[in-house]
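All chains are identified by letter, namely A, B, C and D, in their written order; residue positions are counted from 1 within each chain.
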């Protein structure tokens, strides 16, 4: 919880407008689906500077525009704050980008059917082909193990590192009593994973309620799905985009 | 259930239009979320007169405008009724303002996932950081203890006082077979609490359905969250406002 | 299942346009809420002719207009068919109007949370003050008792009479594996009851899922509520109307 | 998983524009209801050429237009691909049309309450008159029985044939960990069955949660319903059409 005065880091340089537009779109898409509430956020790594990332000022994802996007270094110091309010939990993003060179987009959400899995011992498991990315396990970050009594927020780099450590090499990590993070090599994949983590949680909760034993994807199945190249994330992306951009 | 002819109380004086606009907005926001149905209502204390409060005429919160707002004294007598129909349950508001000088806004709702908790012995408990305000307990007002056989409505000051007594120093009080009240130092906080009481009820119901043991926020955690100053209620408020005001 | 050629009955005479407009509005309101699906219907008794009622041609309630409303006698013969397709189940309405002089409006729905109660032994019971009209019991019409193997539809006066007999003097009657009927002295009350039967079913299903014992309204409570005059049905009606008529 | 270079098959000849418009409408209707997500698809057999069928290019059903519809032979080879991306799972359609001369429309969906039934041993059964078409059993295609470790997709004619074999002479077939297919003699019937399979799944899941024993339709009942001619599919179709075409 230590905060230092640091000189503002330098920018990673100019970025294609389409990259920021996609980040805004991602925020609007996930808000429209109820995956992001008023408090979630998503970010992308700077496409041309591995040590920088983009994240909006502290605003609900449903209402942001490209002008609200700020640039940060991986310690989550702003390049050019200009008085804008920052997310307390920006350290989630910086520390995951540090720990995971393969990750270029991060979604932090409080999606409603995922939170219940974070407070029980019932593991979230892939129930259909569309959520194979959950295969192999979904870790649950217990902040109490890292820092005892907290307000559950990732308020500094230390807690960000602890969360990134729990995430390990997985695609999704629950955060006990709080929400989750979903990551990906690009924004479209991260959005897909955040959306389908919620879908899988709903399907699994419904299957549990039916009362019988549940057959999840086998290891062979989810590995086969994750191993293939034709994931077609752009198919729902186009539909989701039309939904949030139609007049 | 006694009703007297009383001389109309004096007004607490003029009020900024923005205060009444925010009260209307609060009503529309909570209606849009399904927290307020056709019968709920919310009020604010007069910002310049501790002994007066503002509450709309007896209309569904989704359809009210600033012209529908009426002024009351804390016995819930109207300052200037002009033939407008009043909420039977206006005594909820008056008596809570009497008992709780710290409270400046009250929401009374029948929010759908909260009512079930009011008729069972399963306690509503804070399951995530966003509902820490439920920590320490959510009392359940049993009207039968106060007045035996009733129609469950808070029709007079006696019942209003009994409800305020159940609420005590808490933020939320269930009302058995009826709904709940959420209070706060300002309208934004009361709206947040009403909205997130429903969110917490949904999360908890879903967690119960998963079947495993549930880890709620610990006392240390919810006290830490409630003790901090940066609650950021204005973040979802702005989003909610955009949702109900967009053309 | 007997069908005779009958001479067309005479009209009950002209009716105020507002009565038919309210019937259309009722249909749109209940469709908007998901209480009426593509197959439900509602009717009113002719305000000036006790032996006639109004019911739309066989169309989904969401799409009807006043021009689609037809007049029937209580044997459900059309006054002026003009080639319009009639609901197979018009006998529900005619036979209930015959058996219940106090009833002036009937809603037949397949509302989604009510059907499950029709196929189990778990009784639907009033869980909050808004559904006190369910007090005293909700009968469940078992069509097999009346006619053995059927397609579950009320296709003739015999089955209509059997359903009306199950309804008895109650406000709502379930229909096993099919849906329900809700009745009232006027269209506003019948709409309210149809809507809040679904609300109560949701609340009760949710309370059951919480796992604890449930405290329903006591007999004293629901009788007190049903016995009072100030039911305020016009409050949600106005809100619901605004929702379906806004441009 | 064998793919050969094949000469493009000949067209089955011109088709009425209304047939393709109805296919687009069906896609939009089922997307609006949440029965089709971003990945589902539906097809019709060529009305004048039993050995050809129509299916859109690989796009989300919510966004397709008539210009996106492609023609295929029953081995799922495109008549005129023109560089358009094809659904990997087009073999579902071709092989069902081969095996079922009575089928002229196929819907493949991941509808959310149906998937849970595909991963448990709890059988989906008709709970109300509107889902009598589920009577007699709903088979569940276990792809592991056909091809051991797969990505669960129907990627070739072999898997399409195996699915068609599971479907047999039924109207609906679940696909374990994946979704379902619903078929019919025309597009309106197939859409109805896809929509009401999801409705039935919701009703049954809710009935199970109530905890009591469930009375499903008897064999006599569902056979009587399925045997009659007046199914009225056009009634909800008109309503659904208005919903997706209103400006």
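Everything below uses one rule, namely that contacts are C-beta pairs under 8 Å (C-beta built on N, C-alpha and C of every residue); 3 or more make two chains touch, one makes a residue touch a chain.
Remember, it's a predicted structure, so these values are computed and weren't measured experimentally.
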Copies chain B, chain C: same or different interface, half of numbers shared as the threshold?
different
Centre to centre, by mean C-alpha position, how many angstrom separate chain B and chain C?
34
Taking each chain's centre as the mean position of its Cα atoms, how many Å separate chain A from chain C?
47
Expected list for chain D, residues touching two or more other chains, is 209
I'd like to see which chains touch which, written out pair by pair.
A-B, A-D, B-C, C-D
Sort out for me which residues of chain B touch chain C in the complex.
31, 37-39, 58-60, 62-63, 88, 110, 112-113, 115-117, 119-122, 144, 148-153, 176-179, 205, 208-209
Okay, in this complex, where on chain D does chain C touch?
127-130, 132, 199, 202-204, 206-207, 209-218, 220-221, 224-225, 228, 230, 232, 235-236, 238-240, 242-243
